[in-house]
């Protein structure tokens, strides 16, 4: 056995420069979010109404916002919200979507048709619309935003899982398990889901990047995190009113979003490549 | 002067060197069988001659390929491209996937004549229909406008053969043309290929791992093992007096009529992958005649009985 | 093929029913009502009650749905409560704008996306590939309202090539089309590139090389055509966007359209309008998948045969 | 002679130009329709279709002399018959309350009508000056039916409606026959602008850039954030007018801890109006110390009832009420922290004011938690009556009867968000609304009611924005004085295109 | 103990397929009225071309697929009468070795996990030590080095994987194994190894095999009785491996196999045409279209399978 074959997907991902660098970037962002209270030079909610909309300076690297709050500190603390929203929403979305999709794909029939129809429909409505509808339904707030984002993405994962399960269902190793006397539970949880999960996780990673942007778009519509808590999206939307007066209030969060999303996407790409079954075969 | 002469061909893919000094020679009107287990480098040899190695990220690191007086190694891509399809043709292993499912088979065969022979669309069509008829395809006009998914495997393989013939090549390389087919269809296809060579006098490299096919169709045989030539000789000599233990083992793998139960043994061990090759003679771990020397010394290809063999203890020597 | 289309359209009927029900229920579950937006300062609670009765909002939900659905069957989408006009008329007024913008943006993202994806795939791992893909990735990280403002600043304010906003001239379409289109480009080009690389590994490509075709010709004539299949799937699912996906852009560029009609009506709880718009969206989606299937059939003879 | 204005974004999406039925009418409505009377900036009334009027001493009838020679856009003449047809038309419409106090219309002669009242209504003139009282051409109105105001709108105003796309734009063309402008306009002939396009742009940045690049000639309303930028532009002039809007924070008096008037007062005194004005609104506008717009006479109440920032008293009151300073700077009583809900609706200004107020409340030890919702949802929530505590809101209205709207006991929950309902208040309300015969009497009754409301700390006044509009000085020439409460017909008549 | 371990009676299975969502429903009979006996301790072979229903038959026999008609009696018990859980328990005794070793093991399972799965799904919980013992003995049984237990399937060669497949089937100590072309995707050298292994296991463990293949040569070498299928039906049953075939199709099959001996080279009898469309089977003998001896009767009337001299045959004109 050559050493190449034994290496796991993760180490193969990290082996490429894209994988390594992007993971490092993601870690920086996540680290920033985790240690935000210690990293942020100022408290995120302390207003100083005598020093609003200040240009970037040594005291405030990215300037201050319309309440005189330090933009940099708010970006660092905002990472928490943005990442929480993205991670929670997408995880919920992946879980629910996978369950729906797996059940639909495995059991088929009427249930499958029903689920697929609804799922297709939710996918085709613009995310902003779904979000607005659910915010209107359950009220504004972070929870609403997260639920809305998970619903907006649910369809994608359900579809993906369904397609995966449908194709894996007819794999010989599933039949082999039946031949050994395995029941539905064993087949679903020991064979179908573990084999279906990889592309879903990769898609989930990429969706996380999108979710950060979606949170920003929702912020534009005035929905999302409740003030004074910062999030990148909320910062961008409140900064939009000031685009000409204090552009740095949007520039900072904008760059933060771009940085994070690009890192996640690059990592996702590297992961896809590493997980690619053909590459695995080529190693063989 | 032979039509095709390959000498000491070495192929590298990344850090791996799956072909290590392949040598073979072929004349017009001859059929050369290339046999060996999976991974022995049969397809790579074909790809190397066709100049298609870059597609899989490989290149020729040593050796020469002389085709009708032209050195193909290092030939520029444009000239090579002009030769492909016109002078060199390839029949790939899997007819099911070798045709573009989105174009009619007629159009796919026409493409060759349009590209290389400067035919008009109408001329190309006429020629394609002729070819289909020659390959004993009933109702060629209908088949011409069908899509690959509408036909059976055997029919598709015939279409691929027609495609190879369309440029009127001097050399056809058929890479396991029948592995994916049923026995009865396999017999048809092999017969068609043999007839073509006999009628048109072109040269054919028939890649296979089935010694039965070799025995039935080929004039000469090259046995590959682990990217090296184990033995090469005329088909008669190979079967009558196999010098390399590997050749003998390969022949022994086929159940023959009337063979007693329990006498089929196979070759012990596993087919090595590139990178797992043994030192010395690559076959020695599976060889029942292996000696200590075989582990350290690389056997060179030496003349033997009108052919060549790469074994430190070839048949004759072993007995003696 | 025609049979297929007719049958598919017929099958939409039950789906349509279910969708209309879901839409109705969701809209009415949202708190708030349209009357708040109509009551005048100074009017009495009785007047308010009168209004509620006038629009039938006091009836049980099921009855309201029944009335709405019966009218729907007669082709009547009802009258807007706040906007005081037949919903059909409002849709008729806004839909062309949405369609124009949506179709152009759709075409833009399809064409540019496929082109850049193909370019990246043909020159895989070269600087062209990296450059194109990185640029597109960076572009897609900008929220669309931001991208819109940015384009306005550059092309309308600095260069003065296009008007800032509005829907009065063709040139006013350029920036909104670009804004929406660029986001689509990211998706389409990624899918195209991935699909082309995938198809490029298939056996028939090797065969095409063996025939002596040039790399570029193989990629464009054969591989790309295969790669279009997943692209068409993605695009057909996104056809709903043509109709209603441009909300943000409509706001930024002060353009009319179904998306902003929907959102404004949703904000004012103008139920009939919201229901009408959502139905349009649902229909667009259903037709979109049908259209996607037809396009795939025209590309791929295998699909064509299965539709017969 | 063509001009394009961007209308106030708040008027975007108004669906109709039918003054009788439309509950929301944008600035173009008054350009299409003339009213009997119009108001000046000082709220005084000036005749337009009416040349003079007088009220009986008991307030039970009003006599209007009508202008002669007025023709509607469709050529129909304007006379007493029109009034006789028009006023009863309001019955059963959304705007019926406007004419509710009128009993019947008596034609004295072709150009004189007498309105006989059911009860004295000093606000009649104010009502007649609102947009809803634009007079449509009876012939067209009857002919168009439901389509009136949507497909076409026919009045006698200085502009004719050419086309109208809801949410997009309204195109107007000058009425060449117009000779009956009010005396507030210098120009007594046809308007100086020939073709006037009124655009609706929701995104402020876009509107700003349109003006900057010359895509439009004026913004009829400018968000405060853009003022500094606009003022810096050489060819753009910004004009400020007294405000018509008030930001305030209603307090739900029916739930703890605000059943205690001391807590209400403390919260109201904690709001630092000056700070909000100077830091959030760049010092423009005015602080609000009571409920009404300062240009209204009823706002000039006894100063002791005005509410202004007083943190020391605020803290003292909270101490007195038993809410003592606890851990983390949040007051508590019996172990319960003083945490209250602070609701606001989406929209940059609301969110900003709310965030500052949150910080100001924190400064006196009240922990306010913000919830942002869209307007429709939040109104539905108010209707539950007991869910809300504090909210940040604003209203835009220039008559004292707004007090009735927000504080009368008949509208608890919404719009009476303060949930105020006591006999004394109701009595004062009734007197102000129904019991005044003359304008002066009405003013003093409303003052009394206003003062009482202030004394109960039902809300905290916050801020009065100014109105500001901006125009391109290279394209337009504005009259020196803006007549009317807003930039409207009275002054648009005088705008010249360079 | 009866001599018949398994009896198949009139087994029929149809598949419907639709062309597209709304296409016409088309019915094909993959297995039609198949009856056969599997004697205890013997190897019963099934041969036929691709698509003739061999795998479907195998699945029906093991109830991995439900039959439309017919019965499968295992030791006299009708499998269809068993409850789902009883069937699951009975699966210990009936095992399947799949055609494709590459896809019959879950790629996420280590070899160890794959070999433990049988006992796991049968509800046996082994200690780590007992599990290791079990694995070691299983791997030794199929001639693999126990050190491979920690590998993943993709790290194994095809032959190794097929051995794992066999080991998995043996893990539950079955008495009956269905082998569905267990060597079709392997190299000849490895194929012979696997056959040798199967022979050995059969002798050591006294197993009964139903061996499916399309390689008549191999079947004749390995099997005691040979069942020949054509388009879902049995056309001939050869009672022993060296019984001369009588059905024209079986004869054609035999002639299509190449002998690995250039001396026996001959022009291959061309079996023209291909399998008829299974959705539209001809009314008479399915083989009539390809048969040199076909008469009008063959084209209109289907010959029944008749037992004569211990040799079952379905042909109107058997060559004498």
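Which chain is which? They are A, B, C, D and E, in the order written, and residues in each are numbered from 1.
Basically, a residue touches a chain if its C-beta (ideal position, glycine included) is under 8 Å from a C-beta of that chain, and two chains touch if they have at least 3 such contacts.
Labels paired with UniProt names: A = Peptide ABC transporter permease; B = ABC transporter ATP-binding protein; C = Glutathione ABC transporter permease GsiC; E = Peptide ABC transporter ATP-binding protein.
Only a predicted model underlies this, so the values are computations on that prediction, with no experimental measurement involved.
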Touching chain A and also chain B, the following chains: C, E
Far-end chain from chain E, centres as C-alpha averages: D
Distance between the centres, which are taken as Cα means, of chain E and chain A, whole angstrom: 49
Between chain D and chain B, distance of the C-alpha-averaged centres to the nearest whole Å: 90
Chain centre separation in whole Å, for chain C relative to chain A (CA means): 23
Sites on chain D at which at least two other chains make contact: 205, 374, 376-377
Residues of chain A whose C-beta touches two or more other chains: 1, 136, 139, 221, 240, 243, 284
Per-residue overlap in chain B, given as positions that touch at least 2 other chains: 273
Complex contact set, residues of chain B against chain C: 50, 52, 55, 81-86, 89-90, 92-94, 97-104, 111-112, 115-116, 147, 149-150, 160, 163, 167
Partner chain E, residues of chain A touching it in the complex: 1, 5-6, 171-173, 175-183, 186, 190-191, 194-195, 280-281, 284
Interface residues, chain D side, partner chain A - complex: 204-205, 208, 223, 225-226, 228-229, 275, 278-280, 346-348, 351-352, 354-356, 358-359, 369-374, 376-377
Touch list for chain C against partner chain A, complex: 15, 18-19, 22, 26, 29-32, 137-138, 140-146, 149, 201, 237-241, 244-245, 247-248, 259, 262-263, 266, 278, 281-282, 284-285, 288-289
Complex interface listing, chain C residues touching chain D: 30-33, 36-45, 47, 51, 80, 82-85, 90, 93, 149, 152-153, 156-157, 160, 163-167, 251-256, 260-261, 264, 267-269
